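As written, the chains take the letters A, B, C and D, and residue 1 is the first residue of each chain.
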Amino acid sequence: MARTLVLGVIGADVHAVGNQILNYAFQDAGFHVVNLGVMVSQEEFIEAAVESAADAIIVSSLYGHGELDCQGFREKCDEAGLKGILLYVGGNIVVGKQPFEEVEQRFLKMGFDRVFGPGTPPEAGIRALNEDLSGDRRCGRSC
Amino acid sequence: MELSNKKWPLDFFMSQRQEVLKTWPTGADVDLDEAIGYQKGIPLDRRFVTKLNEAQKSRKTLVQPRAGVPLISEHIALLSHLEKEGEADLLPTTIDSYTRLNRYEDAQRGIDESKATGKAMLNGFPAVNHGITGCRMVTSALQTPVQVRHGTPDARLLSEITLAGGFTSFEGGGISYNIPYAKNAPMKETLYNWQYCDRLVGLYEDAGISVNREPFGPLTGTLVPPCVSNAVAIIETLLAAEQGVRNITVGYGQCGNLIQDVAAIRILEKQTNEYLERFGYKDVTISTVLHQWMGGFPQDEAKAFAVICWGSSVAALANATKVIVKSPHEALGVPTKEANAAGLRATKQMITMLADQSLDDGGRLEEEMSVIREETSCILERTLELGEGDVALGTVRAFEAGVIDVPFAPSRYNAGKIMPARDNNGAVRLLDAGNLPLNEKLLRFHRGKIHQRAEAENRGVSFQMVIDDIYAISKGRLVGRPH
Amino acid sequence: MELSNKKWPLDFFMSQRQEVLKTWPTGADVDLDEAIGYQKGIPLDRRFVTKLNEAQKSRKTLVQPRAGVPLISEHIALLSHLEKEGEADLLPTTIDSYTRLNRYEDAQRGIDESKATGKAMLNGFPAVNHGITGCRMVTSALQTPVQVRHGTPDARLLSEITLAGGFTSFEGGGISYNIPYAKNAPMKETLYNWQYCDRLVGLYEDAGISVNREPFGPLTGTLVPPCVSNAVAIIETLLAAEQGVRNITVGYGQCGNLIQDVAAIRILEKQTNEYLERFGYKDVTISTVLHQWMGGFPQDEAKAFAVICWGSSVAALANATKVIVKSPHEALGVPTKEANAAGLRATKQMITMLADQSLDDGGRLEEEMSVIREETSCILERTLELGEGDVALGTVRAFEAGVIDVPFAPSRYNAGKIMPARDNNGAVRLLDAGNLPLNEKLLRFHRGKIHQRAEAENRGVSFQMVIDDIYAISKGRLVGRPH
Amino acid sequence: MARTLVLGVIGADVHAVGNQILNYAFQDAGFHVVNLGVMVSQEEFIEAAVESAADAIIVSSLYGHGELDCQGFREKCDEAGLKGILLYVGGNIVVGKQPFEEVEQRFLKMGFDRVFGPGTPPEAGIRALNEDLSGDRRCGRSC
């Protein structure tokens, strides 16, 4: 059965191009995608994930405010009963050119399972999803 | 008041104004008479319009960066650096994304966290939160005129504060700051809100203060066919002129094919002036701006320099009045001031090196100009028809009908039916024209061009072509060919 | 033997060869049969000619750096870096200046001091001192074909050692490696010495080994009028063809004006083929190379990128077969491998981005092509006349008479009477045509162009213009205008 | 009375453009210039300086071998009776982009009175000459 992903661009971010391509690529790779488009709040992500019984939430952030927009996301997921749901974030997630390792650490600490740097091709995300969702149970951050 | 392209009565504007200024505490400080007095004190050579007019007269191309950071002193330091080390002819103040969406509380959080962490946590300068005093600190610290650059669907308060704050140019428009920058803003509403901004600029003009306005040309920056962006620029010019704006820079985002880009800029200027004349707007001065490549950039800095330089060549060869500059950090994040200045210097070298050359007026250029002119006419005439002669009303209906349609736009008020792709020489054409009201001849032209490419690539016409084209520049090509 | 454009008899060549190989100990290791055997072992895809032919067929422009350091392992590391990080399509080995003047003892001192100090004390790779073994270590370490690039008036020993050393292309010629690179080398002598090199290449060709030759197009790199460098390239092509060379890349150094540069490259290829045909040389394949700006560079790296990128655009729009690349360090010194690779990557991005475009065949391009063609004919026909039909003899006399004249050349065998300057659009014209045998119509054309500029600048025609033009690019302009 | 300069490009260096401009600029500034052109050996410089009773020797080096070519120049001047003659060097005098201060130190140590970096405009040389030759005696490295 096809795995379900909730996809969207978080916060006040309107970068729509990458989102449309991810949507296309993830579907092409056999996922069921609930695409929320741009300007998606944490609440909208979570609501959609609950409704669709999603296996993963894929957050994009391009415009630089990702760090502000993602604060507390994992906690909100937990509260909403999405404990252990797979949480990815990718794009230009901080302001400016910063060493990726540091940025990655900060977002891992926030509770994201994987963090992808600027210009990551969709294939990298698909590969990771296939790995992380390969078991026959949901496989969140705990495994 | 119903939306229509009619100059707002002064008392109506003033009553709206009361409300607008209340939407955030710093609004209370704006006093129009005081603001006009302050603007009168700004020396002519620090005004945007002066520089643009001079450049146009001498057929020079001016160089302008994008730049904005959350804190005032850092922002001044940044702009000073770009003025000195970047040799910028014109300066910007790029507004952060929260302010653009009137989320001033979030902007405040960004200011506070930036102060606390010592890192810029906002992607621009939150001018509303910093208020008139903050803005004046910025604009008075520099020798070079400063423009507000943003992407704000409802920029009424921002325009009030920044114009009172000493900025002498204000970017944006009801279409160009809606469709690429918003998801849920009805066209009716943003056109209306931008009539407010234009009316405000008109009041400054009435008082003898010349303020430049600039519709945002590139829209989504991604494979936008020239006819679409030119049509939008012309509409926003007409709307602005009606409200009393007198100095307008129409813009265009580089598509990548030299002939198409030069043609687009040249015909944009021409056709804008023609429509202004047709509708009886006199004394409106039109200049042009070319935006260096607005789509995805290569991550490698040397390669990014090439993209920057190619845009600069096009601006020079097209004799654009100014060029908006990218930095070698484009693909990665908001640039450091050093990277930003490096982009500027590369651009400056290119522009001045090519100052004495322009593109041959050969057959292909003329041909491309007449194609764009005809396409743009189709769109504009249908828009006017839909509006029963009123361009504001027509615009609302044109977007509903997909008669104007911007590719890859986030807005739900955009049809999103057209699909652009490059032809075999890299010019942007229509793989699917959606509901654009192009005549049969033009549609055949586009189909022919796309098929020519498909044949050359030995593959069918498909969405994969579009995807390949979107990635192409960042992977070092213009046309996204299959491997 | 008297100089004339006649293929050297084999035994005469062989007797000369004995002497040449004795001029430095490493010469003793060269055995022609063994060398031919070694060259036969080099896979086709690592040969220069293969890459050039492929590129020409697919109208691609290949990218090649300049690079050379004194020590073998460092040199290999450098070239590997340019291959991988620079994405170079073709590689060079730039020879140091002592070797170029056959000062092998000084080169040895440079090698020794480089080892001792850990700093590169030579400006290139001393191939003669390193001998066949050293050369083979280099050429076999790389996937990409490698060319010898130098500036050697007497390159006989160098050609022997490097061809035996596995290089598959050899730059230079009797004029182009004399006039810009020597002070006291008689033209007679260098033509003669280069007949040797060409005859040697011819022997490889006879054995089925295809070796590319490349006259050095840019000459002094400083305001060289296209007709002068094109005439020299065509003469060297004829001289090489006579000795049995079969694959030649004719070169041109970017002057800066787009139309003139594209015209020069296009007509160079055409006219070279025409002269080859006229003199009955069949089966000679001609390709073209554009050298990015060869004059003084700006020191600022961002600005240097702009100069590099402009050259790349011109190469792409002219469909040159390859482009020789500068680095952002150009104004300061021999580049680090990182700077060199950055120049390459910027060039690659530009070239591939513009791969699908070429310049419009408009009126100005045609006009410029016919001007250059006519000028070049004037020079070549007068040269042939002076040589009573023999182009070698004619060349010697043409230089004596100033019929061929290279501006700013160090050689005392060059008249140095012409004075070039830019016209109002930046094309290089003749402020003083010296003894160039241009017809009255052409002279009037040049005078007119220069006067047009003088008028635009509101100053008289003078040497100051030339000086201003020499500094111009490094100061960010193409035309050196008064302030 | 016009001061006499001996001008040339040292070693196996053929960069002729800057030399022609310096020649023009120094003459224009009122100096008497003996221009030896390119590819000038130390011996040729010294011979010309002795013959013309020169006030200064202006060495250019562009091609990178300047450091090898200039070794022992001051000593040879001394031996030839040109003790204290003003000795300038300028251009791209070493191989590669090196910190100018270090390069300057190395050449000062070799006995040059002034060292000029890449792209120095002729005016800077003229200014320096006017300073260094302003006294009514020759003013070499000793003052």
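FYI, contacts are C-beta pairs under 8 Å (C-beta built on N, C-alpha and C of every residue); 3 or more make two chains touch, one makes a residue touch a chain.
Remember, predicted model here, so these are calculated numbers, not experimental data.
Q: Taking contact as defined at the start, I'd like the list of chains shared as neighbours by chain A and chain D.
A: none
Q: Would you mind pulling out the distance in Å between where the CA atoms of chain B average out and where those of chain D do?
A: Distance between chain centres, rounded to whole Å: 55 Å.
Q: How many angstrom lie between the centres of chain A and chain B, each centre taken as the mean Cα position?
A: From the centre of chain A to the centre of chain B is 31 Å.
Q: Enumerate the residues of chain A that touch no fewer than two other chains.
A: none
Q: Every touching chain pair, please?
A: The list of touching pairs comes to A-B, B-C, C-D.
Q: Within the complex, which stretch of chain C touches chain D?
A: 96-98, 100-101, 103, 106, 109-110, 113, 119-123, 151, 180-184, 220, 222, 295-296, 299, 329, 331-336, 339, 408-410, 463, 467, 470, 474
Q: Can you list the chain A residues touching chain B in their complex?
A: 11-17, 20-21, 24, 37-39, 63-65, 67-68, 92, 94-98, 118-119
Q: Which chain B residues qualify as touching chain C in the complex?
A: 256-259, 298, 300-303, 305-307, 309-310, 312-313, 317, 341-350, 352-357, 359-365, 424-426, 473, 476-479
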